[in-house]
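In the two complexes that follow, chain A is the common piece, with chain B as its partner first and chain C second.
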Partner chain A sequence: MIESWAALVGVVSVVVATLAIGTWSLRFSRTTSDFLVASRSVRPALNASAISGEYISAASFLGVAGLVLVFGAEMLWYPVGWTAGYLVLLVLVAAPLRRSGAYTLPDFAEARLESRTVRALCSLLVVVVGWLYLLPQFSGAGLTLRAAVGLPTWVGTTVVALVVLAGVAGGGMRSITFVQAFQYWLKLTALLIPAMVLLAVWVGDGATNPADIAPVGSAAGTDTSWSLPIGAGTQGLYATYSLIIATFLGTMGLPHVVVRFYTNPDGRAARRTTLVVLMMLAAFYLLPPIYGGLGRVYADRLGDLDQSDSLVLELPRVMLPGIGGEILTGLLTAGAFAAFLSTASGLTIAVAGVLGQDVTGRRFGRVRLSGISAFRVGACLAVVVPALLAFTTLEVGVARMVGLAFAVSASTFCPLLVLGIWWQGLTAPGAVAGLLVGGIGSGVAVVWTLFEISTTGWPAVLLGSPAAWSVPAAFLTMVVVSRATRGRTPAGTRRFLVRLHTPEVVPLDRG
Partner chain B sequence: MSPGSGERPPERVRVTGPPRHTVQSRRPGTGDIDEGTPIGAILFGSLVSEQRRLAILILSVLGLVVVSLPLLFSSYESLAQIRLLGIPLAYLLLWVLVHPLLIGLGWFYVRRAEANEAAFAELVAEDEPEGDWDERDWDERERG
Partner chain C sequence: MDWLRLPRRPPLGSEADRATFAALHTISQASPALREGLTASSAERAVKHLRTLLGTPAVALADTAGMLVWDGMGRHHAAQVTELIATTLELGDTGATTLECDRPGCRLRHAIATPLAIEDRVVGVLLAMSPGPTAGLLLATHEVALWVSGQLELANLDAERTRAMEAEVRALRAQISPHFIYNSLGAIASFVRTDPDRARDLLLEFADFTRYSFRSHGEFTTLAEELRSIERYLMLEQARFGDRLQVSLRIAPEVLPASVPFLCIQPLVENAVRHGLESVEGVGQLTITARDLGQECVVEVEDNGVGEDPDLVRRALAGDRSLDSVGLGNVDARLRNAFGDDYGLVVETAPGAGTKVIVRVPKFAPGVHP
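Coming up: the complex of A and B.
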C-alpha cells in the first residue's frame, strides 16, 4: 500500500541519482589505491563536501529535530558536539593523520607502535564502531519508508543495504567521493526549502513562539525546561557533560571520517578541508532545530511523539495539508534517504577496507584474494551483519544509537590518536591496555543500553552515557602502562613523529 | 721588503664585495633532524611544542565555553527565561552563536599552524647560501 507517491518518487530519484553518479565516476577507479583512498588526490572543496555529505547521517537529518521537539535545548549539544568534534580533530589530528601516510586506523596504529597486536585490536574496534553506526542507518531507513511512504520496514533497510553495496563494491572510494559530495548539497537543499516554506506557514498562522508551549510528549518538567541546555538535576548535568565529551572527542576516531583524511593530497590540504567542513556543518545544523521548534507549535496535530525520528517527515503534511505538503514530504524523504545512503556508504568503505586488509585479504588454505576482491568481500560482510541486526529491530532512537558509537570511538581511538601523535612515550602495551579499558568499559555500557529500558538511577545514567568516565580511564591507562613499560618505546618513534609533524616541503628522511 | 723580517704580509686581494665562495660551514638543519643529533631534537622539538601550545590554546578557549555553559545554566536557572528577539538564550548560544566561534577558532588555528610550519621550514633549510643573496635569489629558491 503506497500512502505517498511524492515520497516514493523522492526515494527512487535519490537511489537512481546515487547509482548514476557512482557509475559515471567509475571510469576513474582503477587501482586498489583508488578504491581505498581515491589515490589521495581529492581537493579541499570537493573533499569537504564529501566529508560533510557522509558525516550528516540520519541522526542529524531526522534525529535532532525530534529530540529538540520533545526535550528542548539540552539536545542541541548533539549538533554542537558533532560540529565541534571537527574543530578538535582539526587541532589535534588532521594534518599529522594525513602525513602518517597510512590507509586506515589500524595502519596508523601499526606504523606508530610497530605492533601486530595493536593493529588487530584496532581492526576489531573499527568493525565494532562501524557496525554500531551502520545499524541505526539501516533501521532508520526502514522507519522512514514506513512513515513517509507506508511500506513495511524491511523494504527500506534492504534498499539502502543493496544500493550501498552496489556503490561501494562497484566503485570504491573514488566514485563514492562524487556521490557523497552531491549528497551534501542534496541534504542541505532538502532541509532548507521545506524549512523556508514551513516558516512562512507558521508566520501566517500567527507565529506562536515554541518556547511558550507547555511540555509535550514524554518530557516532564516546567515550562522553561525546554529552554534549558542541560538535563534535570545532577544526573542531567552529568549526562550533558558525558554527551559533550563523547561527541567532541569521538569524531576523530570514527572510521569513516578517518579514512576520508587519507584522501587529501597533503597535511596542509587536510587542515583546509577540515575548516571548510566546519563551515558546511554549521550551515546544515542551523536547520534541524527549526523543525524541532515548529513541531512543538504543531505538536497536538502530530502522531506518537515518542517516535520522534519521523517528526521531520510528518510535519509538512500536518502544517500544509494537500499537494504542497506532499511535495515537501517527498523532498524531505529524499534528503533522509541521501543521509542513510551516504553515511552507510562511508562506513561500509571504512569497515570493508579494514576487513579487506586484515580478514578477507588473508590466505585461506591455498586461496588468497586480490586487493580489490578482498575489499569487495569485506564490503559484503560490512553490510550484511548490521542489516540483519536491523531486521531484529532494537527500539533505540537513531541519535542515541549514534551517540553510543561516538562514546566507543572517544574511549578508544581518541586516546590512541592523541597520545600517538603528541606523546613520544606511548608504548604498544600501553596502547593495548588503554584500548581494552576504553573499549570494554564503553562496550559494556552499549550492550546494557541496548537491552535495558530503565533510564533512572545513577547506574543507569553512568552506563547510558559512559564517555565521562570511560574516556579519562582509557587515557589514564595508556599513560600509566606506557610509563611502566618505558623500555619498550618503538625504535622508530622519533622518525615517525618527524613525519607526522613536519610539512611535506621540508626534505627530511621520513622512514 | 727586507729579507729576514720573518712573516710575510698576507697576499693582497682586491675587495669588490662580500666573499662569494667561502667554505660552507654547515648550518644546523634537516641533516641534524635526520641523524637525530641533539640540535636536531631541539629544532624539531621547537616545532612540536609551538604546535602543541597552539592546540592547547584553541582547546582551552573551546573548553572554557563548553564547560561553563551547563554549569552557568544549572546554577542560575533564570538564565533559561532570558530571551532576545523572542529566542531563548540557550538557543541563541547553542543553535546560532556557537558556529561563528567554532569557525573563527578553526580559521585562526589554520593560519597560525601554517605560519609555524613555514617558520620551521625556513629554520631548517640547509642550503641557504651565506653571503650575498638578495631578493632575486629568494624568488628563485621559492620557485625551485
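Coming up: the complex of A and C.
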C-alpha cells in the first residue's frame, strides 16, 4: 500500500483537475476588446483534442497492450479500426451531419425521416450502446486501482461512477470541451513518457525482438504466428474482417462522438476537426503496442487473459523495480483514470441527455420533471445500470467489450446515417426494420458473449464478432423495406438532402 | 391497438344519424384545405368534398378574378356562368340562371351562385349546377357557402396572425433606430477629433450592427451571430457611457451553433441597458451568460439596475402593448412559437433589485435552422 502513493496521488490529482476545469472553464471577458474572443466558435484543433480525449477510453489505454501481449499482432486491428473509423466518418458523415443541425442521433433520425417511431428506437439504441460502452469503463477502473494500489475491484468502479455522476449531474459539464481537450494531452503524456523510459531500458538490456520470445502459455520454441496480422484459419480471417467492419463503421454511431460535432460552426469545420482527430489518434495509437511488445519480453506472467488489462500498469514495476517504476506507474494510473473519467463522462452526458428528453422528462401520472431534474435523474440511471453490471461481469476483456459496443453501433446507426445522408429513397418503415434487424442481431450476440462463454467453434466466432453478418443484414433490410414502402418517403426529403450537401457559403434558400 | 377493437365498434344508430356522421366527416375533410384560404390549389382539394356535401352533379368555386375549379360533369358550361359569377360578386347576393345545352347526356340545366364573404367582403362564389331548380338545393348551397365563408375567415385570421408576427419582427428592427442611432452617432462624433482610430472602428461596428439588424431574410440565426451583434451593440453603448457601464460575458463555446429566432436576445440586452442602467446612479453592471446544459442552452441577461414590478413584467409577457418593455412579449411569443410552450422567457425581478431574464433554447428542434 505505502509504496503505491505515486498512483494514489496521480488518481486524486486527475480527479481534482477534471472537476476544477469543468467548473471554471467558461470563457470569460470583462473588457469589450475580448468580447470577440469570448464568442468565437471552438477551433478545429481544440475540438479535435476534445473528441480524441473523450474517445480514447480504457480499452485504448489499457486493453490494446494486453490484447497484443496475449493474442499477438492481429489485435493491432483494434487501434487501426478505431482510428480508421474517423476516416469513414470524415468521408461520409461529418459535414452533412453537422449541416443537418442535429445534436444527437435521435435528432438526426427525426429530422431526416419525420417520424417519432424512428426517433424513439434510436433513443433506445443510444442508451444500449452507451451502457455497453460504459460497462468496460467502470470495470476497467476497478481493475486499475486493484493493480496499481491493491484496493478491491469495487472501489475503483465506485469511485469513477461517483466522480462522473458528481461531475455530470452537479454542473461540471457546463463547458466540457476544455476538460476533454486537457484529458487528451494528459493521456498522451502519461503513455508517452513511460514508453520512452521503458524503451531506453529495453535498448540497454540488449533489445530482444519480441517476436523471438516463446509465446505465452505454450512451451514451444520460436513460433512466428504471434507477429502475424491475421489469426489462424478461416475463423481467424472471419473474426478479423468482422472486427474491421465493426470498428470502421461503428465510430460514427457512438453517441458521445456525434454530439461533439455540434460544437463545430459549420460542415467545413467538422471535416477539419475530423482530420485533426485522425492525426491525433494515429499518434496516440502508436504507443500501446510498444507496451504489448515489451510485455512479451519482460512480463510473461501477465499473459493470463484475466490480468492482461493491467499490463500497462505493471510493466514499469517489472522493468524498473524501485522508486522510478513506482513514479511511472503513478503517471500511467493517472492517465488510465483520465481515460475512464473522460469517456465515461462523455457517454453519461450523451445517455443522460437522451434519457432526460425521451424518458425521465415525460409525464408520469401527474408528475413531470423539469429539464434539469429530468437530466439529473437520467444521469443517475445512465451511471447506475452499467456500474451494477460491472460488479457482476468481469470475465470479458475491456477491449473486447468495447468491440461489441462498436458492433451494435455499426449494425444500427451506420446504415441509418449512411443511407439517410446519401440515399433519398430511405423511408421510416425501412429505417425501423433495418434498425431492428441490426440491433436485435448484434444484441443477441452481445448477450450471448456476456453470459455464455462456453460456446466454441463457428457459433462462438459468429456470435463473438457479429458485425460481418449483422451490418450487411441491416443495410439490406433498410434498402429492401424502403423500396417496398416507396410511397412513404418523407415529404421534405429532397429539401433536407440539399441542405445536408450544400456548403454553407453557397447562397441558397434552406428553409 | 386500435385494430383489436375494430370488430366491436358500437352500432352507428339510425339512418339519420348515419347521414349526419357522413356529412360531418365530409366537412372535416374539406376544412384543412379551406383553412389555407381561397386559392387554386386549396379550391381544387376542397371542391370534391363540397360536391359530396351538396349531392349535385357539378360544383364550382370562383374567386374575384374568375373561375378557380369545376368539379363534376358539364365543364363546357363554365363560359355560361361567367356573367352569373360577376353579378354575384357585385351584388353579394345569391343568384340563379338556367343553362342552355344541346349536348346529348348533359343533364345540367340550372346553376345557383352563392357569395363567399369574409367580414362582409365578397371574396368568391360557390356554384352548384343541377338538372332543375329545387328549394332544398338553394337552402343547402346557402348553408354550405356560409360554412365555407367561416373557414375562409379563420384562414384570414391565421394569415393575419403570421403577418402581425412578421410585422413585429420588422418593428423590432426599426425600433433599434431612433434613440440608439442618434446616441451612437453622437458618441462616435465625440471621438472624431480626440481619437480618430477609435471613431473609425466604432463607425465600422455601427455599419456591421445595422447590417445584421436590418437583414431581411431568415426567421432564425445562430446564437453566435446574435451574440456578435450584441457585442457590437454593447461596444457602441460603452462608447457613450464610458466607465458607467460595465459588461461581462461568460460564454460556453459549445452553445454557439444553436439556432435561435432572429433578434431574440438583443432586445433583452437593450432592455437591460435602457431600463436597468440608464436610470441608475453609479456603475451599471451587465452580465450575459451562455451555458451548456446538454440538450439545451441557457442564456441569462442580468443587470443591477432599478428592476421592475413583477406584475408589470407579467403583463408585458402576456402581450400588453401599453408598457414600455421593448419586445419582451414579442421575444417570448416567438420563442414559444419556435420551440413550444416549455421554452418561454423567465424574468426574475423586483423594484430596486435588478433584473435577470433567462432564455432556454433546445440545441435541436425540428424545422428550426438558420
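What we mean here is this: the second predicted complex is superposed on the first by the 468 of 511 C-alpha atoms of A that agree within 3 Å, B and C clash if a C-alpha of one lies under 4 Å from a C-alpha of the other, contacts with A are read in each partner's own complex, and residues count from 1 in each chain.
Everything below uses one rule, namely that a contact is a pair of C-beta atoms (placed from the backbone, for glycine too) under 8 Å apart; a residue touches a chain by one contact, two chains touch by 3 or more.
Remember, predicted model here, so these are calculated numbers, not experimental data.
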Touched partner set for A:Thr83, first chain B, second chain C, both or neither: first
Which of chain B and chain C A:Leu254 touches, first, second, both or neither: neither
Chain B versus chain C as contact partner of A:Gly101, first or second or both or neither: second
Touching partner for A:Pro229 - first (chain B), second (chain C), both, neither: first
Chain C versus chain B, contacts on chain A by residue: B
Touching partner for A:Arg272 - first (chain B), second (chain C), both, neither: first
Which of chain B and chain C A:Tyr262 touches, first, second, both or neither: second
Touching partner for A:Leu497 - first (chain B), second (chain C), both, neither: first
On chain A, positions contacted by chain B and by chain C: none
Residues of chain A that touch chain B when the two form their complex: 73, 76-77, 80, 83-84, 86-88, 90-92, 95, 209, 211, 224-230, 237, 240-241, 244, 248, 268, 271-272, 274-275, 278-279, 282, 285-286, 289, 422, 494, 497-498, 501-503, 505-509
Sites on chain A touched by chain C in the complex: 26-30, 32, 35-36, 38-42, 101-104, 107, 110-111, 114, 173-177, 262-265, 349, 352-353, 356-357, 371-372, 375, 499, 510
Residues of chain B defined as touching chain A within the complex: 30, 33-34, 36, 44, 47-48, 51-52, 54-55, 58-59, 62, 66-67, 69-71, 73-74, 77, 80-81, 83, 86-91, 93-96, 98-99, 102-103, 105-107, 109-110, 113-114, 117-118, 120-121, 124-125
Residue numbers on chain C that touch chain A, as the complex places them: 222, 224, 227-228, 231, 234-235, 238, 246-254, 256-257, 259, 289, 291-296, 342, 360, 363-364, 366, 368-370
